[in-house]
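For clarity, chains are labelled A, B, C and D in written order, and residue numbers in each chain start from 1.
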C-alpha cells in the first residue's frame, strides 16, 4: 500500500465529517435547550426495584462508585447517586457511599446534600454516610466489605469504573443476601458483574443511564449524535455487503467490479 | 531572518552556554508570570485555545494529504516534523512522572510528621524510596567498592523485593476469582447461564486438557464439530468476533464524540471548569 | 442444613489452599509435553516473523512489567529465540520502567544460549515514557529522528544492527507484547498507515477483544497469554523441552477444571438452598 | 567492611531470591487476614516502585535525551522543555492551579486531535472486513450460514446499544433482546480469557516459590542457624494465629 494510505481519502472526509456534524449538531442543539429523547433503559427499573426492596426491609443501601476519580465516568456515577438518594429519601432509607478518590468524595457530599434538599428533607443528610476509605484498590475494597457486613445492607449498587475488586464486593454482597445491581463501562469487569449481580448495565448503557437521569445537555446530545453515527456505519456496511454479494453473483459485470474496487480501496480489507 | 534563526539554533559552549540556558529559563519564568497574572475571564479561552491548536496539529497532519499542499515537492509539512514532536512530547511528558512522587511525599510526609497511626509504614516508604534511588544512581555514577556495593544492593532491592512484590500483588486477583467462583457466580438468569456456558467451553478449549477430553471424537466429518477445541474456537472466531466488533463500533463513535468534546472544550459546567 | 448448603459456607482460605495444591502438582512434575493443538493465529504469527526479509529489522515493543511477567515473559522469550534462530535482527523498546530491565535481561540470557551478540544481532532502546501516540507517529517518518541512542546512551548510527535503519521501509514487522490496550496505537499510527505486519502478544484478558482485528487482517497473528507462548514453543522446535510455558499450560488445565467444578457446586448449593428457603436473602451470615 | 561488600556481591542473587520469597509470603498473608506485615510490605512496594521510577526516568530518559544534549552538546533551547515540564506542578498550588490545565490541555488536545486518524486506521478496515458477500463465487452452504450468523449478531448487538428512539416496534425489541443474548457470548469469552490470565499470574508466583526458591531453601536446611530461624518463625506464626482467633471470638 502506497504512502497515500496514511492520509485521509475523500471517503474519510465524507464519513468523518458526517459523523462529526451529527455529534456537534445534536450537542449544540441540546445546549440551546432543545428536548432530546433518550429511552429509559431496563437497568434503571432494576435500580429502582433494588432501592424499593431496601425501603421495604428498612435496611440501608450501599452505593459504591468504584475507583473512579473526577473524570467522565465518576461524574456520571454521581448523577446516578443523586437519583438513588432522592428515591431513598422519600422513605427515610440511608444511602452509604464509600469513595476511593478524595476529590470525588467532596463532589459526592455536595450531590447527596442537594438531593436531600430537593426532596425537602435536608435533616436526613448524614455526613457519616459519605466516607473516603482509601485510594489503594484493595484497601478500599476491604473497607467496603466491612461496611457490607456491619450494616447488613439490603441493596448494593456498583456504578463507576471497576477493576478486579468487583469480585470481592460481589462475593460479599452475595454472602449477606443483598440484591446487587451494577453498571460499568469497563468491559473486562462486566462478565464478573453479570455472573454475580441480579442485573448489570453494560457498556454504553452506563452513559445512557446517567444521561437519562441527569439530562446533562452535552452528554444527551453526544449520545443521540452517536446513535446517528452508528446508523451511518450500519448503512456503509449494508451497502458494501450488497455490492460485494452482487459482484460475487455476477463477477464479470463491469460497473459492479469498479464499484467494489473503489469500496475496497477506501475500506481496506486484508 | 534565516541568519537570526541560525544564530538562535547554533549550539553554545562554556560560559555562553550557561548564559543562554539561564536566559531561556528567565524568559520561561517571565512567560509563566504573565500567565499567572491573566484575569480568570481569559483563562478558560486560553486553555481552550491551547487544546484546540494542539488538536489541530494532528488533525491537519492526517486530513490534508501532500497533494493539496502548495509545496514543491508535494509534502505535508506537519508530517515532516513528526519525529521532533515525538521527542519534544516525550521529554516534557517525562517531567510529569514526578507528579506521583510529589503526591506520595505529601501523604507520607504528613503521616511521619504527625506520628499518626501506622506512621512507621510511611517511614518504610521513605527508606525504600531513597534506598533504591540511591543504589541506582550510585551504581551508575560512583566508582570502586561503592559502585560494587550499590550494584548488589540494587539487585537485591530490584530483582529481589520489587519484582516479586509487583507480581504477587497482581496475582492476588486469582484467589478472589477462586472464592468468587464458588460463592458469588450464581446463574440467576438465562442470559447469565448462556454467558457461563460460553465461558466454560472457551476455558476448556484454550487449555491443552480440552483437546484431550474430546479426543475420542473423530477429527473430521460432522461429529468433529463437537470437539471442545473446535466449539470453543468457533465461539471465539464467530459469535464472539461479531459481538466484539459491535462493541468496537460503539467505542469508535464514542471515541470520536469524546475527542470532539475535549478538542472543542464542550465539557461545560463540571470538573473541567472547577480550577479555572 | 444439607451437605451442599454446608459446603457453601466453606472458609475461603481452604479454597485458596486447594487451588495452590491443584496448580503446584503439574508445576512440580514439569511435563515437557506441549499443547497438541496450535491455534491458527499462532501459526500466522510464526509465518509472519519467518518471512521478514534479512535486510529489515523487527521492533519488539514491550509494555509489560513484573506484574504480568508470568504471561508476557514466556511470549517475549519465545519471540526472541525464534528471531535469533532465524538471524533476524530486532530492536527492543520498553514502555514500562521495571519491564525495561527484565526485557533486557531476557534477551541477554537467550542471546548467550544461541551465541548472539548485543549490538550485532539485537539492540535494546531502554525505557520510553511515552506518550505512545507521539513516538509511534514519529517513528514511521524517521526511526533515528525519535530514537537516537540505545539504553546505554550509544548512538544508533554507530551500532551495526541499527546503523542503516532510517524509517518504516527498514522495519519488517512489529511485535507488541502488552497487558493493556496499547495495540491500537500501533495499528492506527504505524502498522496500518505504513502497511507493516503486526504480531500481537496480549495477556489473556485482552485476547477476546482482538478477534475482530485478526478477522480484518489488521493483526497478522496473536499469542494468547502463556498458552500462546507454549504453542509458539512447539513451532520453534521446543516441544520436548521442559519449559515454564508447558508446565503452566498443564497447570492452567487443572485450574480451569477446578474453577468450573467450583462454579457448578456453588450453583447446586444455591439452587438447593433456594428450594428449601425460597424467600430472598434473610441476611445469611458468614 | 570490604569482605562484607564482597560477600554481599557474591551472594546477591541468593539474597535476592530469599527477599523475593519473603515479599511473596508477606503479600499472601493478606489472604489469611489484613495484618501489619502485609501493610508494611505494601508501603515498601510503593516506595520501591516510586524510587525506581525516579531513577529510571532520570538515567534512561532525562539524562541521555535532555541533559546531555543541553549541557554537553550545547543545545541550550532544551531549557524551555524544563519550563513547560514545571507547569504540571502548579496543580498543587492553591492560587495558580489553573496553569497546570494549560499543559494538560496541550496533551489532551494532542491526543484528541488523533481521533480522525484513529477512526480511519482502526475502524475503516473493520467496516471493510464486515462487508462479507453472503452468497456467490464458490461459497459453500456453511460459508453462507456463517456469514448470515455474523450479520445477525453484529446488527442485533448494535441495536441493543441504540438509545435515542424507543424500542417499541417488535422487530427492534426482538433484535435488541437477541442482541443482549449474543453479547453474553462475547462476555463469556472475556470471562474465560480473564480467568485464564489471572490464574497464570498465580502460576507464575507459585513457579517462583516451587522451582526457584524451594531448592535453595532445602539446601539451606542443613545449616543449624537456618533451622533455628525457621523454628522462631513457626512459633511466631502460631502465637499470631491464636491471638487472631481469640480477638475474633
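Here is the rule we go by: a contact is a pair of C-beta atoms (placed from the backbone, for glycine too) under 8 Å apart; a residue touches a chain by one contact, two chains touch by 3 or more.
Source: prediction; values computed, not measured.
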Chain-chain pair with the highest tally of contacting C-beta pairs: B-D
Remotest chain, chain C as reference, centres from CA atoms: A
Length of the line joining the C-alpha centres of chain A and chain B, rounded to whole Å: 22
Length of the line joining the C-alpha centres of chain A and chain C, rounded to whole Å: 30
Chain centre separation in whole Å, for chain D relative to chain B (CA means): 10
Per-residue multi-chain contacts in chain D, two or more chains: 30-31, 42, 49, 52-53, 56-57, 61, 65, 107, 110, 114, 116-120, 122-123, 125-126, 128-130, 154, 158, 161, 183-184, 186-196, 198-199, 201-202, 204-205
Where chain C touches two or more other chains, by residue: 16, 19, 67-70, 98, 128-129, 131, 133-134, 140, 192-193, 204-205, 208-209, 212, 215-218, 224, 227, 252, 256, 259
Of all residues in chain A, the ones touching two or more other chains: 6, 8, 12, 16, 19, 138, 164, 175, 187-188, 191-192, 194-195, 203-204, 230, 233, 268-270
Graph class of chain-chain contacts, one of line, ring, star, complete, other: complete
Complex interface listing, chain A residues touching chain C: 1, 5-6, 57, 152, 154, 175-179, 187-188, 268-270
Footprint of chain A on chain B - complex, ascending: 62-66, 76, 172-173, 176-177, 179-180, 183-188, 191-192, 195-196, 199, 247, 249-250, 252-254, 256-258, 260-261, 264, 266-268, 270-271, 274
Of chain D, residues touching chain A in the complex: 30, 34, 42, 116, 119-120, 123-125, 127-137, 139, 151, 154-155, 158, 161-167, 183-184, 187-188, 190-191, 194, 198
Partner chain C, residues of chain D touching it in the complex: 31-32, 49, 52-53, 56-57, 60-61, 64-65, 68, 107, 110-111, 114, 117-118, 121-122, 125-126, 128-129, 186, 189-190, 192-207, 210-211
Sites on chain D touched by chain B in the complex: 2, 5, 8-9, 12-13, 15-21, 23-24, 27-28, 30-31, 39-59, 61-62, 65-66, 70-71, 73-89, 91-92, 95-103, 105-110, 112-120, 122-123, 126, 130, 146, 149-150, 153-154, 157-158, 161, 179-189, 191-193, 195-196, 198-199, 201-202, 204-205, 208
